[in-house]
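Next up, some structures in structure tokens.
The two complexes that follow have chain A in common; it is paired with chain B in the first and with chain C in the second.
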Partner chain A sequence: MTTRRRSPYPYWFVLPAAVVFVTLFLVPTVASFWFSLTRWDLFEAEFIGLENYRQFFREPFLVQGLVNTLIYAVVTSGAKSVLGLLLAVLLTSGIWFQGFLRSVVFFPVLVSTIGIGIAFAALMHPTRGAINLALAAIGIEGPAWLSDPALALYSVALIDIWKGVGLATLIYIAGLAAISPDYYEAARIDGATAWQRFWRVTVPLVRPATVTVVTLSLIGGLRSFDIIWATTRGGPGFASDVLASVIYKQYQAGFYGLSTAGNVILFLLIGVIVLPMTWGCSKREVDVGACAAMAPVAA
Partner chain B sequence: MIFILPFVYILLMAVKTKQEAALFLFAWPSEWRAWENLVEVVQTRNYMLLLAYFNSTVITLGAVTLLVIFGAMVGYVLQRRRSPWNRVVYVFLLIGLMVPPAVVPTIWVLQNLGLFKTIHGMILIQVAYGLSFAVLLYRSFIASIPRALDEAAIIDGARPWQVFFRVILPLLKPVTVTLIVVQSVAIFNDFTNPLYYLPGRENVTVQLTLFNFQSQFQSQYNLLFMNILLVTIPPLLVFVFCNRQIVAGMTSGGVKG
Partner chain C sequence: MKTLRGNAALAAAVALVAGTAEAETTLSVLLDGNADTNAMMEALAAAFTARNPDITLELENRPGGSEGDNVVKTRLATGEAGDIIQYNSGSLFQALNPVSTLADLTDLPAQDNILDSFKSVVTAPDGTVRGIPFGPAMGGGVYYNIPLYEELGLSIPRTWDEFMANNAKVAEAGRVPVATTFGDTWTSQLFVLGDFYNVLAEVPTFAEDYTANRAKFATTPAALRGFEHLQEIFEAGYMNRDFGVATFEDGMRMVATGEAAHYPMLTFAMATVRQNTPEHIDDLGYFALPGPSADRNGLTVWMPAALYIPAASQNIEAARKFLDFVASPEGCRIMIEAVGATGPYLIEGCELPADVPRSVADMLPYFEQDGRTAPALEFLSPIKGPALEQITVEVGSGIRSAAEGAALYDQDVEKQARQLGLPNW
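This part shows the complex of A and B:
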């Protein structure tokens, strides 16, 4: 027995985790602001002020990467929330094989992104791919999907939506389960049609789930790298390059300062877009847990 | 149908002959070559796939173990002890959850610590990146465990670490299972981080083999798809046996909002 009464919740419990988190995450993140202002070969960093950022916004293909990132994030998160809600409504309506169908919709979330990317690259092959052959069979000439510069980014987004919509559906199913049946009962007594019940009851009351889905898929979309790298590697040309692939390409080319500047821009972008959204989230502590719960899979 | 067909396609491609697979057709294979393709993929580049499975397993097991222990310890202290620092820690956790890691500076730190291109360095990276999620998950769960339990153990003469490891940690089992399932799938499927922090043949992970084989198997799509199939099996097993935990874990809290 110690004579001095110590807290039963000692701070050294936090220490091992804190050491790992600070050295391998916080230090690099803070250091990135400095290194983005330098010409850098990992050993020596020469201060060049804002030159990296100037170059970033001068090169058209780098700017395009930035624009593509925004388009990609908005398209994927928009589609995932709309389709997720519709699928969730369908899969809670008591149709046949409901449990099995939920599993089927969710399974792609758990599968290797690279594997999915390679498989879809074959399915989307312009002349021999199964998708275009199926379209041809019903008399439609399919587009060149991944090799058409105007379409490549959206084709990748389509694969991403296919893979990620299961998670959105799952969150919406949980959100729908939380809505009391009394509301639907009352609406029905007041003579509301199914359409009105959906717009006036379901959509407003499922809002917490919507916030979670939109936040998560926006973050995931802005950071997206694997799926793009597995399908187009940013091509054709720079047509489907996003910030994350630009960062990797500049790193490979040895422009460490420029690559890090890309990282800082991505950091700021996520901060500006996502922070205001999570603000509402963090007021209710429970929600943050929910937001947190999906993060590793969504990323 | 839309959700199943691509998997059927992967399966069909994986058992075709080289010539048939090159056609990309969504068609029944004329001869089943599942075993031959499997053997050939495993033997490629000096059994690289086996090495990759070994590396991926070590990384996943190591990182998930540390995440459970570290995450629970931090979540426990954070929930039990009210201090002005909590808010600061909380902000850092949220940053850790949302912000993409700064890649090149991380390589710089790893190099200075002698951890670059090492398996244990990779494990620590995964711990650092997964920690926020683990802590937040544990913290909200620990709130539901009455303090009276800790106090009773302390009166019985237990030391703080005994209270934690003997009383609290066993009670956290449901949320621990969730964390293990979700994180092991995420870490096993991770491609970006090994790509950056773990270059080199001897360090290859399962996801990197796919990437390497993608260029090597240009003309052997049957083998590439067999590899995809093999890489999909571990998550499939997790999915079949732990579907309930995954669903519970990923929707916990969302319902109460």
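This part shows the complex of A and C:
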């Protein structure tokens, strides 16, 4: 049982923040729940109960968008954590120009997502793109990366991984730095091979970083929109549509109530996936650092 | 004048007393970003300001397509759409909620010059006219490359079977039969939307039945045919290799240079040809989308976009004056001078010059004979589903069959019909 600690500040001191919080965060959130129950054209909102939700789940593209969202989130967050850990091991191994190479890995994180999307759309052009021209030079006929319905979602995921792996690497580098060298020394004295040291020492002890990376990239993947919009706009057809792009399309078409309902669904989906993770890790002493890092994102 | 401007309330009072606000006025105009649109509007604005030195126009461009729909709707809703907006007529106009967002232009003097066929597509549900035409009417048919047709000894197809036979010969000759540009998804709709003349020829009541939820694309064979044509083109492999990412400009380049034999497109595309490949402008011919019967062959027509005045505009009087000028025979002449003739203007007393490009000359006979044109569905029914372009991309890329695509589209339009509050949905 916890008793609430008395705030060291008087009410007038926190009032400005409270006003901002209520008008910019609380009111819109509550209003969105209301508007999701209406047929809304920005002028008039007609209450229609749960009709928008029924409509949303009847959309054939939505089911595909939902599946795509999960595939996209799992693929990108899985690849970012595996690649991020391997890159972090490489970049903490004391190789030449280590500091410079760390920045190189991080650069894509800093570039505008839309810019990256446009650049990759050009690189992945099936006949004139640099990737397929390079493949053609060694006698391979490259696929239509972004316009083959079976491939488009994974091509976009690939771009996302390239862009986001720098952040994962950075978190892992911090995680690796926190592991005491004593463990490695002890392992070496016991005759552990490099492989065993990696699996038995590094991977378990870097777990807080792993939780952070997985959670951050999972949330990022679930609400991913900009890179998909800049490369395929959810196409061809609906092949790379995710929840966020389906919602945006409803908004563009003027179905404001319907798209608000979609946002509520996205909100709930992220909550359902992420809340158990934060609860789970808040119970473990070891992960306090990692959980603190992701608390603002989950909220 | 300057002291008056400093005191807004006094200025407004004086304007009220004077009856008209003839102070220096700047009208803001929101355009769709198209090069031709800008050229026409700049020429009109210059001529208008020369005549009315106290009114100047300020042009602003927005994106096109659904991105642009979004901008227009949001700005109208928040009262920030300025004084004049250029936007589609027909079903997209209906989706703007015109009765509450746009000014009533029924009694604009220039309405007397405007053809009734246009007025009907900018008439709000309450029977008032809310817009004037801006630019020429367009055809929705097929551009073809004349030198390639001559080289292969082809003649203009009057039925779909003849069209496919031509395509087979083009493919044999190693050229692309049908330029396909799904990189700009909206271009994928032409085979469906441009086929509407043929739909109406077989089912004259389709538009009303469709609006009243009595007819469906999937269950009306004539309406389903457009989807089937897309599927046939894909299955025969008649597209260019990069069809999934090629853009509208690629398509016009391909058909103008003879890289491709055909490109189904609206006739506003001539502006792009004039800009990008002017040396090929007379290599392009035009024909209506062929249907099942050679006897009933005609063109599906798109009405021009319109100019509207947002109801929230502060300068409605000045804006009306400008619109009156645009819809006059003189305004029409200025537009033709600015961008050349690409189709008939829907203003009485506005004649096209004699020396039009070949593809325009190919199109005009359809307009001159009775019964050889029909408006596209979006001008006869307020319902247009937002996902049609994704669905036609799917059918045209072999992801979904024609029958499934049509059924999916029927489902897609339900949302629009309900949002508009139509009866029987």
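In this text, the second predicted complex is superposed on the first by the 268 of 299 C-alpha atoms of A that agree within 3 Å, B and C clash if a C-alpha of one lies under 4 Å from a C-alpha of the other, contacts with A are read in each partner's own complex, and residues count from 1 in each chain.
In this section, contacts are C-beta pairs under 8 Å (C-beta built on N, C-alpha and C of every residue); 3 or more make two chains touch, one makes a residue touch a chain.
Since the structure is predicted, the reported quantities are computational estimates derived from the model, not experimental observations.
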item: Partner chain(s) touched by A:Tyr251 [first = chain B, second = chain C, both, neither]; value: both
item: Which superposed partner A:Leu42 touches (first chain B, second chain C, both, neither); value: both
item: Partner chain(s) touched by A:Ala178 [first = chain B, second = chain C, both, neither]; value: first
item: Chain A residues touched - chain C or chain B, whichever exceeds; value: B
item: Touching partner for A:His125 - first (chain B), second (chain C), both, neither; value: both
item: Partner chain(s) touched by A:Arg233 [first = chain B, second = chain C, both, neither]; value: second
item: Contacts of A:Tyr72 with chain B and chain C, given as first, second, both or neither; value: neither
item: Partner chain(s) touched by A:Phe56 [first = chain B, second = chain C, both, neither]; value: neither
item: Touched partner set for A:Leu146, first chain B, second chain C, both or neither; value: second
item: Common interface residues of chain A - those touching chain B in one complex and chain C in the other; value: 42, 125, 128, 251
item: Footprint of chain A on chain B - complex, ascending; value: 2-4, 6-7, 9-10, 13, 23-26, 66, 70-71, 73-74, 76-78, 80-81, 92, 94-111, 113, 124-125, 127-133, 135-137, 139-140, 150-151, 154, 157, 160, 163-164, 182-183, 185-186, 189, 191-192, 195-196, 206-207, 210-211, 214, 221, 224-225, 228, 231-232, 235-236, 238-239, 243, 246-247, 249-257
item: Touching residues on chain A, where the partner in the complex is chain C; value: 39, 41-43, 55, 58, 60-61, 121, 125-128, 144, 146-149, 233-239, 249-255, 258
item: Residues on chain A engaged by chain B in the complex (per definition of touch); value: 1, 6-11, 13-14, 16-18, 20-21, 23-29, 31-32, 35, 40, 42, 103-108, 110-116, 118-120, 122-123, 125, 128-130, 133-134, 162, 166-167, 170-171, 173-175, 177-178, 208-209, 212, 219, 223, 225-226, 229-230, 244, 247-248, 251, 256, 259-260, 263-264, 266-267, 270-271, 274, 278, 282, 284-297, 299
item: Chain A-facing residues of chain C, complex; value: 66-67, 69-70, 73-74, 77, 95, 97, 100-101, 182-183, 185, 241-245, 386-387, 390-391, 393-394, 397, 399-400, 408, 411, 415-416, 418-419
